[in-house]
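Read through the structure below, which is laid out as structure tokens, and then see the notes.
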Amino acid sequence: MPDTQKADPTEAKPLGRGAMAARVAADIPEGWCVNLGIGIPTLVADHVPVEREVIFHSENGVLGMGPAPAKGHENPWLINAGKQHVTLRPGGSFTHHADSFAIIRGGHLDLCVLGAFEVAENGDVANWATSENDTAPAVGGAMDLAAGAKRLWVVMEHTTKDGRPRLVQRCSYPLTALGAASRVYTNLAVLDITPRGFVVRDMIPGLSLEALQARTEARLHLPA
Amino acid sequence: MPDTQKADPTEAKPLGRGAMAARVAADIPEGWCVNLGIGIPTLVADHVPVEREVIFHSENGVLGMGPAPAKGHENPWLINAGKQHVTLRPGGSFTHHADSFAIIRGGHLDLCVLGAFEVAENGDVANWATSENDTAPAVGGAMDLAAGAKRLWVVMEHTTKDGRPRLVQRCSYPLTALGAASRVYTNLAVLDITPRGFVVRDMIPGLSLEALQARTEARLHLPA
Amino acid sequence: MANGFVDRERGGWTSMIDKTVRSMAEAMAGIADGSTILLGGFGAVGQPNALLDGLIEQGATDLTVVANNAGTGHVGLARLMELGRVRRIICSYPRSVGSVVFEEMFRAGKLELELVPQGTLAERMRAAGAGIPAFFTPTAYGTKLAAGKETREINGRHCVLEHALPGDVALVEAWEADRWGNLTYRLSGRNFNPVMAMAAKLTIVQTQHIVELGALDPQCVVTPGIFVNRVLHVPYGDPPL
Amino acid sequence: MANGFVDRERGGWTSMIDKTVRSMAEAMAGIADGSTILLGGFGAVGQPNALLDGLIEQGATDLTVVANNAGTGHVGLARLMELGRVRRIICSYPRSVGSVVFEEMFRAGKLELELVPQGTLAERMRAAGAGIPAFFTPTAYGTKLAAGKETREINGRHCVLEHALPGDVALVEAWEADRWGNLTYRLSGRNFNPVMAMAAKLTIVQTQHIVELGALDPQCVVTPGIFVNRVLHVPYGDPPL
């Protein structure tokens, strides 16, 4: 529960990338099939204990990825969508790209975790192009994942480097998908996206709701 | 070439089912991928010499069928679309039904050979229902095959048992596909379907063109 | 999906993904009246006969059944129909040798039939599994099976618009399965099974063999476990010759 | 497709299906200017690098290239672009580490780009191979990548109409191949290769291994030979680490 008593934001210590990934990982139950986007989302896998069976999927047709290989033990034929070398767990399997995206588009993934530039209070996500004039942006599988997975969680910094809020009323950047995100993990808080808008589920210690609101364009709500 | 001199049809001996199948088989070159329908078409495979490599496909995901198994040597797990036990040649492979029909619908089969009730001079084929009031007819893969294969050849008796022509101006039975057939093999002749209509390529010995025309509703043409 | 169990070596509770179920009752649990059932198999090969018997036992009624054929004799699907449990059948080849129950009930108006070309049937289920709500196909254009359907000419080919055909439940027969639900099939026993496995909300598998996780070649898995919910070990034996 | 040869045991001429070709020139024969080239691979894995070099050598120009990425460094696809041989590229992820040639040429207006979501790209080629001229997908609805495209609400989901994307030529890397053109792939080297193999009029394969007909498990063949036209044995070795 957010603590609205402590009002001094300078005391709150924002989460680092690893801690953000760990926070996401803590919410992924055993048995889920999960696709992790490039960047912080990829780190999530490192924070899921191996004995908790979560089936990680990658767009390039790898289902059941395991921990990163030890240096010198990489298999040159086994990479993920971020082109990093990965391992395969017992029970893993390979598909071609059309079947891999059938898994994605067909709603078979329990969860996709993506990074983003902006998330709006209606669940719109913008994560692939930084402006309408971005001449040659790269979209990859983001639109398929955002539209196709059962749940879309976004993990990102709460604001841009120059302090501009990323949790907004309406996205200003080109959209990846409409109304797709259901939860946002930032370096300051965890927020659900509900018909009311952003609902704060969790905050870092020492941060007040007012301070969080000051860093957020959209209106924040408390759980009903 | 049709022989228009010998006019006595009573001397001409119509082909039997095996001979019709053999006549079709003679026109299938090595290397073609071919789907054979139920009935006389199925017999075609028996008339392609094993050393001529023709790749036979069956809708239920079997590619590269070989000769029928010897009695007592059937594999219970290996059947064709007609539910007969078959064998697999070296080089054969299995697909699921959606991939099998991707092969069919995607135009990858060089040839499909089907039986039919009627074929029209514009290539329309009727092979799945004997009347508009046929309440529960079975279509199987006929419509996919007729629409999808590179070539559709029809093999059938030239007339019904009571003498009604099957090569017609317009089909009276429910259609399987429009303008799909390019050749018809009957017990009396081989006919190409061209923009002019039926062109007689080949006739059984002793049959006159007039006699053939008398058994055909549509107008017959000679090769240009 | 995850069953808790005591890991004795670690001395505490842990759990793992285990989709195997111990009984037919567990396999059939929750199949509701009015469900659409996708029924694998082609001819006698790859048919989930044990699961069909389980469904007969389980009692769900008012079913829509999607299968290539409409049953033969008085067993399996034919029995289910005979018991009045099937409202509607969607298939490509209802009338075949021995389809007496279907023919009688259909003629008597006790069964609805949706006749679908075999390839369109397979592709409609693949579309459901792949998140493609509708697609255009040349198959059946200009025939009575396309009557009333939207058509369009695309690149000079006349096409019919067909919609995805999802199932509530798929009944599937596999050759091998592991506890994640990864499946292989036996020769032409593959047929509709992988397509149906991906098209249903609840995919129930009877498998001839259960293997250890990791025993299947990851490059030869035909149905990845992500499409499978329950696996019942039924060493059913070969189809009849 | 069928090469004649003297069968010494039989003492006469016979022939057989043999899709293997002896040289790169034979593999590349007939690729015309203006062709659409489907280029397999994802990252450095499963890329038909030898065939790409062969295409550079062969000389066809005014090409449309379909690939997930737009090339890196100054080799392969990047080299082909740098030589001015590519008019248009259709891909999902053009800008990546080292995509300097693409970025420069695109900014200079020397290259057309069609940006397609990765799954839509794969499905459009699968559709081409499967004879599905167009399909509806929720992917990209409401985004600028769907601008100008037909949309429709189906069962409460907003969808975009996407068209099949066929190729004139597919360049594919396989792990094993036989003389019928049956293929397997190595781990994540599978990626776009099987989809592109089925989507092109002329599918050309470089394979790490040639095996005897019948050596591949019929249940583990990923691309049946029916989708393949030419096979060149290129024991290329592992992708770079």
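Details
Letters are used for the chains, namely A, B, C and D, taken in the order the chains are written, and counting of residues starts over at 1 for each.
The definition used in the following text is that a contact is a pair of C-beta atoms (placed from the backbone, for glycine too) under 8 Å apart; a residue touches a chain by one contact, two chains touch by 3 or more.
Remember, it's a predicted structure, so these values are computed and weren't measured experimentally.
For the pairs B-C and B-D, the larger set of C-beta contacts lies at B-C.
Most remote from chain A, judged by the distance between CA-atom centroids, is B.
Centre-to-centre separation between chain A and chain D, using Cα means, comes to 32 Å. With centres defined as mean CA coordinates, chain B is found 56 Å away from chain A. If you average the CA atoms of chain B and of chain D, the two centres end up 34 Å from each other. Annotation for chain C: residues 123, 126, 130-132, 137-138, 185, 187, 190, 218-219, 222 touch two or more other chains.
Across the assembly, chain A contributes residues 88, 94-95, 98, 101, 104-105, 148 that each touch 2 or more other chains. According to the touch criterion at the top of this document, the contacting chain pairs are A-C, A-D, B-C, B-D, C-D. Interface of chain D with chain A (complex): residues 42-45, 92-96, 102-103, 106-107, 113, 115-120, 122-123, 125-126, 137-145, 158, 185-195, 222, 238-241. Taken together, the chain C residues at the contact with chain A in this complex read 1-2, 14-17, 126, 128-132, 178-180, 182, 198, 212-214, 216, 218-219, 221, 224-227.
Chain A makes touch with chain C in their complex at residues 29-31, 33, 51, 53, 55, 57, 63-64, 88-95, 98, 101-109, 148. Listed in rising order, the residues of chain D touching chain C in the complex are 123, 127, 130-138, 152, 154-155, 157, 159, 163, 184-185, 187, 190, 217-220, 222. Residues 58-62, 74-81, 83, 85, 88, 94-98, 100-101, 104-105, 129, 132, 135-144, 147-148, 174-178 of chain B are the ones touching chain C in the complex.
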